[in-house]
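This is the structure I have questions about; it appears just below.
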Amino acid sequence: MVRAAAARTAIVERPLDPAALLAAVADAGHGATALFVGTVREVNDGRPVTGIDYTAYEAMAARELAAIAAEAAERFGTAEGAPRIVAEHRLGTLGIGEASVAVAAAHARRAPAMDAVRYVVEELKRRVPIWKREHYADGTREWLDPTAAGAPGTAVAPGTAS
Amino acid sequence: MVRAAAARTAIVERPLDPAALLAAVADAGHGATALFVGTVREVNDGRPVTGIDYTAYEAMAARELAAIAAEAAERFGTAEGAPRIVAEHRLGTLGIGEASVAVAAAHARRAPAMDAVRYVVEELKRRVPIWKREHYADGTREWLDPTAAGAPGTAVAPGTAS
Amino acid sequence: MSSQITVTTLLFASYADALGRSSVQVTLRAPATVGALLDHVRALPGAGRLPPAPLVAVNATYATPGHVLADGDEVALIPPVAGG
Amino acid sequence: MSSQITVTTLLFASYADALGRSSVQVTLRAPATVGALLDHVRALPGAGRLPPAPLVAVNATYATPGHVLADGDEVALIPPVAGG
C-alpha cells in the first residue's frame, strides 16, 4: 500500500517530547518505529559541562531540516510507501540531560525506519546551520567546532549549490 | 569514562512502554539514545490482520535475548564505555498498533547507540525463539514462517553450538 | 551407568499443532544424539508436517544433530522464529 | 539597472563574536560574487579570526564563492555547524 510521504520538521524553543514524536509517526500500517534523541551530556572531551546554548540561522535551519527529511522519505521509500518522519531541534539554553534533537520515523518494515532516522541525524549534523556553545564547570563558554582539531575549521561546503 | 555494561532484557506479558525504556537507559553521560519499537500492523503481505498471538520458548528466549544484548554492549563499546541497553519482547495476544518489541540503547556517541539497537533487533529476529500467529479478517489464523516461500522452512541453525 | 536416557522434547507453535501436543517424553538407548531423537520424533503421528531438519535446542541452547544427549536433557524443536 | 547592490550579511555564533555584530549591510559594485563580498568582510575589524574560506549561504541556501549576488540578497557566513 503506497502512502504519501509525510515529513514534519521544526526548529523549536520548547522542550522536546520524544513520546509525542513516536505518537506522531505511528500508523496502523507501520509496524516499525525508530527514534533518536540527542541530549546534553555532562562531559565533553573530558571537560565537565553544565549546559549548552543552541543558536541557529533559523530560516535556513528550518529549510534544511525539512529538505533532509524529504530526502530521507524519498531515499528510503519502498513499494509499501515512504517512511513517515518527524524531526525537531531545540534552540536556547539546555541543561544536562535535556533533549536538543529528536528524530522519529515509521515504516511498514524496520530497515527503512531505522535508515531514515540515521540519515536525518547524520545530515542534520552535517548541514543544518545550528551552533552550540558549551558552558563549562569553570565558568567559561566555548562555541563547538566539530571540524576542528583546535582552531575553527573550514570544511568543504556541504551540499553546495552555485 | 568507562562505564560498566548495563543490559536489561525481559520477555513480558504486559504492554510495553517505550518511554519507560528511554528513561531506563538515560544517563547524564550518554548524549545519544536510540529506540526501536515494533508494533502489530493491520496488513501483512496484503492480508488484513486483526491481531497476533506471540508465543515463546520462554526460558530460552529470555536467555538468547540477554545474550544478544550482552553481545551488543561488547561489540559497540568504545573508550567512553559500553552502550546501556534495554530490550523487551511481549507475549500474548496483541491488537493492531500494540507494541510487541522495544529496544533502547544509550551511549556517549550516536553511532554505538544506533548500532546497538539495530544489532539487537536483527539478532532477536534471527535467534530468539518467539513465534507469532496472525489472525486474519476472514477468521483464519496462521503461524508465520519468515524463512519460507510457502512451506515451513528449515534454515541453517543460527548460532549453533554442538 | 544407565544404558537408556529419557529426555523431554518440547514442541512449539506450528510443530505443536502438527503433533497435537506441546511436549513428549522420549527414551533412547545411550549414547543418543539429537539426530537419533529426531528419528524417533519423526515416527510420531503428525510428524510428517515437520521439516526434514528442524532446528533443535538442548537445555535452551541451539545444538547440532551430532550433539550427544544426557539423561534429563530438555530438548526443544524450534520452528522458524518470528519474533519482533 | 543599478551599478551597485546592497546585501545583508548575517553573522552567527563564533563569527558574530569575532566581528562583534550579528549582521552588516554591504554595498558592492555590480556584478558582485560571494567571493567579492568575502573580500569586503575580511577587511572589517575582528575578521582576522574568520577562517580563510568560510561557508556561505545566499538566501538560506549554501552557495559557492563564484555565486553572483543580487541586490537585496541575504547572505550568511556559516560557521562549522554543530547541531544535534
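All chains are identified by letter, namely A, B, C and D, in their written order; residue positions are counted from 1 within each chain.
What we mean here is this: contacts are C-beta pairs under 8 Å (C-beta built on N, C-alpha and C of every residue); 3 or more make two chains touch, one makes a residue touch a chain.
Quick caveat: nothing in here was measured; it's all calculated off a predicted structure.
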* **For chain C, the least number of touch steps when starting out from chain A** => 2
* To do: Take the average of all CA coordinates in chain A, do the same for chain B, and state the distance between these two points in whole angstrom.
  => 24
* Asked: When the centre of a chain is set as the mean of its C-alpha atoms, what distance in Å lies between chain B and chain D?
  -> 50
* **In chain D, residues with contacts to at least two other chains** => 84
* To do: Give me the residues of chain A that touch two or more other chains.
  => 38, 110, 121
* **Pairwise chain contacts, counting only pairs that touch as defined** => A-B, A-D, B-C
* Footprint of chain A on chain B - complex, ascending -> 1, 18-19, 22, 26, 28-43, 96-97, 108, 110, 113-114, 117-118, 121
* Flag every residue of chain D that touches chain A in the complex, lowest number first. => 10, 12-14, 17, 49-57, 60-64, 66-67, 76, 78-84
* Over in the complex, which chain A residues touch chain D? Could you list them? => 38, 54-57, 59-61, 63, 89, 100-101, 121, 124-133, 143-148, 152-155, 157-162
